[in-house]
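Let me begin by handing over the structure; questions about it come next.
When the chains are written out, they are named A, B, C, D and E in that same order, and each has its own residue count from 1.
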């Protein structure tokens, strides 16, 4: 069975390579083409690829740094700095062969030492702190076979381990990655003016398909109202994650709207340790009271995909649309459950929402309207992102909150470990022995099919025990100047600027 | 004067003791483990008692070292220094607009006292004072930016690249800040002129054969400017606060934006430095107003 | 008793154009706010996806907002909230302002010096941060914004009351009151205060319209009235993003803010003109 | 103190710091004054502006700290009337409220009816009538206002009335009427009056004794007739000549 | 005859019903004469003076009768010509020295203003004329006063500056509206002596407005007694003081506190 898996991945890789090759028809662009892309927040948590945590920063570093392997838009892992790799029978040894001709932005060649340095930098725990990439504790040793090959030995087999190999490869000689931003990606880092803009430039000696647009300026636009005006005004060519009202504003302007998914699970996350949410019947009543479709109609004009449990659609391996019908809107059933739980005449609670995210705020507004029909009054508490991060997310003092949880790296284990009783980031305070038991079995199993089934069973439990009231994977609207094309949606937080190109009248 | 500065610095420092949210957590983001947070807090020295931290920080400030920004790990001075000229230029342009517009308009209104022009001017004055500045910003962007294409909304040009473009772009937001202040200045100047007009020395000036215009320009205007200067001194402080909102609408990376972002990032050193800076500017403005007072109004002993 | 009599006296004495215009506008808004408490054409928070962003029509005179809620009902609720917050802000601000200003103006000397220094410090402190501190101290929401703004308004009132007292304290009638054996408190509140009432009234009105602007500003930044409740500032902020396709979302709340502020400004002009 | 002297001042000195630029300058207003006020007399205090006459009045009322010397006074509740009729009555109150105020504050407690009847009685005494009760100071002439001030000052039956230039802001004819009123009250109630003015003519017929004050010092004092006939000090002669008396 | 006023009547219209302030006033002023107008507050004496000086507000005011000066009726003279006379031929000094001068303007510049408006002179000539008059009004250290500001001078000195500012352009008529009411007795008599000296030296005729009868007695040749806007009696000052004909004049004279040192 294992051999089969191996062939499958290899096949995939060759197909991807072929595919990327033949989008054809694009001439090598002249270096002076430029594009200005708006971003809502500054890269204010630094530029060191191994330490960065904000999704907005990772999205952009995707263009500058590459790992041994990298994701493509389908979510498959394709070879990057490594030309190919072999996994040993027992899944404990991974051997990577370095691709020849891969250069750093400063022109120097990528050496085995660089790769080893990068991996060890993430797995070493300096001074009692956790390693930069926690799962790397599973690595027993990394050794250089020859100038072209690296061997990594694991403590225990882990089918998801390959996903962690997307970690950025930096130069061994780079003592301060915070300021010396040198990677192997299609774009070079030029400059960063805090609170203002970030400049990138196409890297001409890129090993793969070169970027089409010469200069990329990332401009910070922090006021939602200004975004639409700036796009129409012509000072911005592209902006991601617009709301549907902003999209309706852009009708008739020189912008195409690309629609994809945000790859996150938006839900009304309930604090299971708090009265009355510790009672599963109350949680189920809430699931019955909420109608995801109505929320999607209000929040994003009907766009977006409903989810029944923690997995979002682009995580196709585990996403099961059937779970969506686990709780279809049924006010009578909700009231019945509430009566059973002893809350006939309802109760009231507060939904804490980070004020900066309009979609989550509007979702909460719709929820509070829907819950009224069941006799539950929910009032909103808007807080700043930082208060939400420390009060709600880290210290768990909240009753309910509306937020979207994304994944990096995109692995089932990373998605579901959050719900285990002692899981890292279990701000929902969800704990069920059955769930812990099934999750442990899933992690331990080495057979892919068995593991997938077990993970799916976890998702089923989450839905049955109504850990949270799952709603949707928010639509992702991207406005793109109609002179530019080639935008690709990725399942992870990544903005691939390299694939963008100007549709020159000449080469059509 | 120093007492006020000391008061403000204490208020700022105490404010962040109260506001929830922890800089360490905001830096580490969602996947921070409790151990990582604790270690970072230690490294930032956040665990030291409040008073110790306050006096350490105050000591550094006096020596000019405002510490490093938590999120950008650059020195606070370099960050603010880079953004200060933007907000200062905008405030200066707005101030010039206020002065350039309010004096002629007020003279006009004073000249046609009680006529329909005076009444109409008066009403429009009241309306202009009533418009919230962020609403004004939006209207200006919408009308002059999108429809009339006088400027590209959001097309901020940094003063390093092209200074003319930089000033050009700042005109629109400065107008948004200046308009309410212009209306207020016109109202104040007009009532000051009215007040001076009834004073005895005006009658003496008339008795010497001055025409109305001569009386206005040689005698009344100078004395009517005195209360206005106090207002302009205070107005600068409002303008800086006003610019925080307007910078959002016009997408200008000035002090206002840094202040708001740093507040939400709990970037204590940056916020404290900016607020101190604003307090210093306000106090310096009051000083300048006093000095102007003394040279215009000899009655106040030198 | 004397206090109410002088208020009655003030109101029936004024009849200038400004005062009347101000009274008409404020009266109109006050009535709408009052009616808003009992009846609004639609439930302000009732959503209806079919009528999202529909233009003003007979059914919805101000049109519908992005969540299909009737803008007119929300404006009515918004007026009520903004009106309430501004009134409370001015009451807190002027209440403490009078106490502090009177004490500083009447006693003068050291006390006056210290008070004015604190005043300057509060003045130099951006009200945005002050509001943030108080809101995070007490939590976001309706009452806390009022307290935050109230405190932020104390310095300006204190300054006005202080200058009022400074001009009255050396008047002869104060000296003769002292000679008759009147205590300081009686002199401050019974003798002097009624004389600075007109100045105070007009500054209360100006305070009112600054409160309306400040509330709108704070809601704009997300502090203050929490959705789904409505406040004019919040509606303006949400309406901004739809200026091209559904301008009524922003224009009507903005217009009402301007009208409200204009009303109070004219009223304060009317009072200060006649005093 | 001798039993007929009700106020005695010995070596009374008052000075205050006024800021000229940034230097602090000590300005002496009263310089070692010795004076006394006898029971039932009208004592005139004459001097030009800056001579310190108002400060002396305030000193007698104990409202100004003395740098040196002391003032002994057996008067428990001295009252004062002022020059500017516009600022001496509370513009926001009605006449009846103003005149009832001293009764409310005095040691003796009165019911509201008693207060109203006493006010009516006092209004007649000062030559006005009950019709003025509900009117406001703003609606009255200078002369009427000064009469109200006098009435209010007498409410607490003061041992001493200090009149600081009470008539100099009034028209000549009104001045004469107000002075007659004060003379009559003095006679009826044996009220001691300290009359402060710069007008030596008026003081001649009004005061029993006159003190001339210059730059904080008493230049000369005595009965008006003796003083005006052969003034000993050159300053007194200058004042008399300027007033066209000699 | 330098100035002749025939049945001058002034009515105010700003309240609901018109209020007649001056009614049918006629009198004349000869060269070098000092004519007094005396009356209580509200008698219209100041209004008459302001009418002669052309300083009455233009709006809400009905004026009739004639004020003839060099055959021109000042009431109907166009504003431009009237301004030509003001400060040149007719000058005015006011009652409140504290507020009658511009507080933020140097004394020298205020005194020279009449010359600036009516004479073509070089700066030096103007300064010399001003310094000449500052000495004439007996201001010691006129150099310092030239550079000083109004608040640095005493009431008496300020009134002297007012007189200098009025006389610097050698006017034919000087209107003095209660010039010494706000001053101390000693200073008052010095100012009166100064006015008499100037009248004698330069022959300027003075219209002296006052409510103080003893002052009128000291300085004026003739006097007009006014009550509620009408002339009650006019004539030679000594004649009127010895045996006044009208009841009102008698009452006024009797209310002066008399100092009889003979008994």
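The rule is short, and it goes like this: a contact is a pair of C-beta atoms (placed from the backbone, for glycine too) under 8 Å apart; a residue touches a chain by one contact, two chains touch by 3 or more.
Note that the structure is a prediction, hence the values are computed from the model and not measured.
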item: Shortest walk length in steps over touching chains, chain A through to chain C; value: 1
item: Chain pair showing more contacts of the two, D-E and B-E; value: B-E
item: Centre distance in Å when chain C and chain E are each reduced to the mean of their C-alpha atoms; value: 53
item: Mean-CA-position distance for chain E and chain A (Å); value: 92
item: Rounded Å distance, chain B centre to chain C centre (Cα mean); value: 22
item: In chain A, residues with contacts to at least two other chains; value: 225, 229, 232, 356, 384, 387
item: Where chain E touches two or more other chains at once, by residue number; value: none
item: Junction residues of chain B, two or more chains touched; value: 19-20, 138, 142, 146, 260, 263
item: Of all residues in chain A, those that touch chain C in their complex; value: 224-225, 228-229, 232, 243, 245-246, 248-249, 251, 294, 297-298, 301, 355-356, 361-362, 364-366, 368-369, 379-384, 387
item: Contact set on chain B toward chain C in their complex; value: 3-4, 7-8, 11-12, 15, 18-20, 119, 126-127, 129-132, 134-135, 138, 142, 146, 234, 237, 241, 244-245, 259-260, 263, 271, 275, 278-279, 282-283, 286
item: Chain E partner contacts - residues on chain B that touch it in the complex; value: 199-201, 203-211, 214, 218-219, 222-223, 296-299
item: Contact footprint of chain D on chain E as seen in their complex; value: 40-41, 155, 184-186, 188-189, 211-214, 218, 251-252, 255-259, 261
item: Chain A - residues contacting chain B, complex; value: 42, 44-46, 53-54, 127-130, 178, 193-196, 219-223, 225-226, 229-230, 232-236, 356, 384-387, 389-391, 393-394, 424-425
